[in-house]
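Structure in structure tokens, see below.
So that you can tell them apart, the chains are marked A, B and C in the order they are listed, and the count of residues begins at 1 in each.
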Amino acid sequence: MRVSLFITCLVDQMWPSIGTSAVEVLRRAGCEVIFDERQTCCGQPAFNSGYRSDARRLAKRFIEIFEDGKVDAIVSPSGSCTAMVHHFQELFANDEEWRQRAVRIAERTHEFASFLVNVIGVEDVGAQFKGRVTWHDACHGLRDLHIREEPRRLIQGTRGVEFVELENADACCGFGGTFAVKFPEISVAILDSKIAAIEKANVRAVVSGDASCLMQIGGRLTRNGSSVRVLHLAELLTAQE
Amino acid sequence: MEKADRIHSGSRQAIMTAIREQLASSEPFNSVHEENRARHEAVGLSGKLPVEQSTSLLERFQQSLNAVGGHCTVVRSEAEATETVRQIVAQSKTRRVAISDSPLVGRVLLPLTADVDLMKGSTKADLFTCDMGVTGAQWAIAETGTLALESDVERHRLASLVPPVHVTIIEAQRIRQTLGEVLLAIDEKGRDLSRTITFITGPSRTSDIELTLAIGVHGPAELHVIVLEETKG
Amino acid sequence: MAQQTSETFEQNARQALTDTQLRGALRNLADTFGDRRRLALKTVDNWEALRERGRAIKAETLAHLDKYLESFANNAESAGAKLHWARDAAEARAIVIGLLREKNAQLVVKSKSMTTEELHLNEALETVGFFPVETDLGEWIIQLAHETPSHIVVPAIHKSKKQIAQLFSAKLGIAPTDDVDVLTGTARSVLRERFAGADVGISGVNFGVAETGTILILENEGNVRLTTSLPRTHIAIMGIEKVIPRLVDLDVFLKLLPRSGTGQQLTAYQSLITGTKRSMDDEGPEELHVVILDNGRSRMLSHPVTRQSLACIRCGACLNACPVYQQIGGHAYGSVYPGPIGAIITPQLNGIEKARQLPFASSLCGACREVCPVKIDIPELLLHLRAEIKEGTASGTAGEHGPVKRKLIERLAFRLYAFAWSSQWRYELGMKLARVAQRALSHQGRIGKMGRLLSVLAPPLAAWTDWRDAPTVANRSFRDEWRQHLSIRK
């Protein structure tokens, strides 16, 4: 299985360990991983903010780059960015040629956990992490891509892990892209409900599939002086702790 | 009122035209949008509702009615029904009863004329002085414990609404399993729909204050259903 | 309480967040209705199939709304109803006032109707000397308090038992009490007198059946039945989108709406009213007037994305599930319809300029879409409206206007982002510059609370760091790692 890594700008520039971990996990699972350096961003910030012409420009570039690669799949460690690729077709309602290209690229683009469990059928990647951990369902992954069981299976396949289900695991963390800075008080009020649930769960780490949620949750935890760590699923699976 | 009528008919035309024009504007986008939507779907369309095979219609109805706070008594004769009503009258200290024009109700309540004031065809003012209302029902729904009253079949159904206690007498054979069946029965081809059809599921209630349930708001606070089972002979 | 508008949403929200009593009430709402709804779904064999049927029936109806509406009107009229048509709120109010004057109405009772709230009907009637009495407990409470509803289904949810007790004490002279049954009993006895004396009843309509000309109104309290049976004249206000094709379609919606709205299998009462009584000695009103209302709804038909808005059956489930509504409540939206459904229909009904913050006040989490019984894709609609606001057209709709409002600096920022990031070397250069610039701000790999000067220079960053630490751009990006180490092993 040959996969092209869609790293996402957030992981590339701010959380590279997620990327290196993802590559390692995919290799352990038997995949050949390529990385096309031309990639930049899927355009989600522009799309979500209403600037569709800007989003369209970045979407076209993404499609051109990724439809090139002679790979079996495009895999991304981000539910929201994968979901954005699935939204590309909405940007081309008036342009049938691009719309079809968008549909085809979406069919080949998978979120990391979903790819492992549903496409190549792997749930055990030799991971080890001792301690209580819990999972936060990132909204796009959960509700756009219907990813719920897959990450839980991968976590439970990790040796030494004591998995604790978070109260209201599927509640939003309050990030929502520019929402987090346009309406910061509301964003943080929503976030604090999530933080309260995390504290109640008494865990060593919170795991999620989206760096944006980790940024939101982690940023508040450190501000609060909490020792709870935030980890991307890929990082958990390579932690060996 | 002429001017108003002219304005109104102009408005009807204007609204209809607006609807047609806007729907036409949507045309170019419809198929692409529908295609996108269908692609995101993964739905199994069985649409069946659970049917309890083990319990009978009557048992199911009783369970459902109890679950919504109604009281169900099954009787085998009109005489037994009368006794049941007598007990409810005593329990609720009822003095005045508003009744509908249902012949069954008439027969069941007749022996009680000595005990209570029976008001048939009450005026509005009278209704408000009644402690209990007794009506029949044209259908009952087992899955929800619901009664269906059709105004063309039985008159003076306000007796089911105004007094604080409502007693319904219904034959067991009128019970159906689902709401869907009753809607079909009501909508029988070749027969005009009754002008008012009321579905009643339990006593009146509200959760408007801190989501705390309170029973008995504007409609009756108590609902009693007496089911008359068919007897041989 | 001063009337808040949707134009001051941000301030309204900030204020609401400081109201601890409100937030407690909202937590209670989210938990209680969430649990009740989840239990109620289990009483249906295949909830998803039912939702799909609901969606499909609504879609079919809206695609041919003119036909079904015509059918409804003709059948209702054949059965004796008088139909009136209102292009907008002003016309609707004029029609109702005209009818009240014609009937020389002395006492008007009203059952709960969000459509009448949309029309600001009570205010208009009071101005000309009619004083309609709200009879739904929640609506009556807020009428006494001179407030507006904060939820589509439970209008007084923002009020505590104590506040209601104090209100009743002040307005009705009863002794203050914590007992919900006593409070409810008070409402019953006071309003009973109104029911007895009313000559006109005003209601909304939940569904209008095209095939038979029937209107259906559902409720739990019994006030709708009293409002629509006792007075001699019944006026029903119905939005054009309330039409459904067949009587049997009610089976689907009567399964979806109560479960989604209050977690019930069925509400206590449903009234199916077709025209007027057959003879004068029957019970019921002598006259039924149905006022059919457009007021901006027909415009929503013009695009498949916005057309979904009209499928709404006003269950309120989206409010209960929304993380934003759960924190700020309904009044902060400053509009008749709050929550996710409010965020999409308020800009469309009132004009996008009046409510341009609302589509952005969402994290796009999708919880609303998940609970909507008729599968309205609310996030899709929010994004559609955002594009309309920022670019004037969205996915090719005929834009009647250019962009509504956008800060030039924001527009330039996104243009710059799209330009810079549409090339590999510009992207990589930009990130190198960011790495340098952040040295002034970062400490131990994080950016903490920023000083005032920097907050002015980079407000979005300050908006983040006022409450949360921000990560820094890594010294070695993933692509640096890839080039140096990772690509060696293929």
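A few comments on the model shown:
As a working rule, a contact is a pair of C-beta atoms (placed from the backbone, for glycine too) under 8 Å apart; a residue touches a chain by one contact, two chains touch by 3 or more.
Note that the structure is predicted; figures quoted are calculated from it, not measured.
When the C-beta contacts at A-C and at B-C are tallied, the pair with the greater total is B-C. In this view the innermost chain, defined by its CA centroid being closest to the centroid of all protein CA atoms, is C. Comparing the CA-atom centres of all chains against that of chain A, the greatest distance is found for B.
Mean C-alpha position of chain A lies 51 Å from that of chain B. Chain C has its Cα centroid 31 Å from the Cα centroid of chain A.
Chain B and chain C, compared by their mean Cα positions, are separated by 28 Å. With touch defined as above, residues shared between interfaces to two or more other chains in chain C number as follows: 395-396. Residue positions of chain A with contacts to 2 or more other chains are 90, 93. In chain B, the residues touching two or more other chains are 29, 33. Within the complex formed with chain B, the residues of chain A that make contact are 89-90, 93, 99, 103, 146.
Across the interface of their complex, chain A is touched by residues 10, 13-14, 17, 323-324, 326-328, 360-367, 369-370, 380, 383, 386-391, 394-396, 406, 410-411, 414-415, 417-418, 421-424, 427, 431, 434, 446, 448, 459-461, 463-464, 466-474, 476-483, 486-487, 489-490 of chain C. Residues 1, 4, 7-9, 11-12, 14-16, 18-20, 22-23, 25-26, 28-30, 33-34, 37, 41, 43-50, 68, 124-125, 128, 143-144, 146, 151-152, 155-158, 161-162, 178-180, 183-184, 186-187, 193-212, 214, 216-220 of chain B are the ones touching chain C in the complex. Put simply, chain C touches chain B in their complex at residues 25, 28-29, 32-33, 43-46, 48-50, 52-53, 63-66, 69-70, 73, 79, 83-87, 91, 95, 98, 102, 135-138, 141, 154-157, 159-161, 164, 180-181, 183-185, 187-188, 191-192, 195-196, 212, 214, 220-223, 225-226, 229-230, 240, 247-248, 250-251, 254-255, 262, 265-278, 282-284, 292, 294, 298-305, 307, 377, 395-398. For chain A in complex with chain C, the touching residues are 7, 9, 11-16, 18-20, 23, 27, 32-35, 37-41, 43, 45-55, 57-58, 61, 90-91, 93-94, 139-140, 142-144, 170-172, 174-191, 193, 215-216, 218-220, 222-223.
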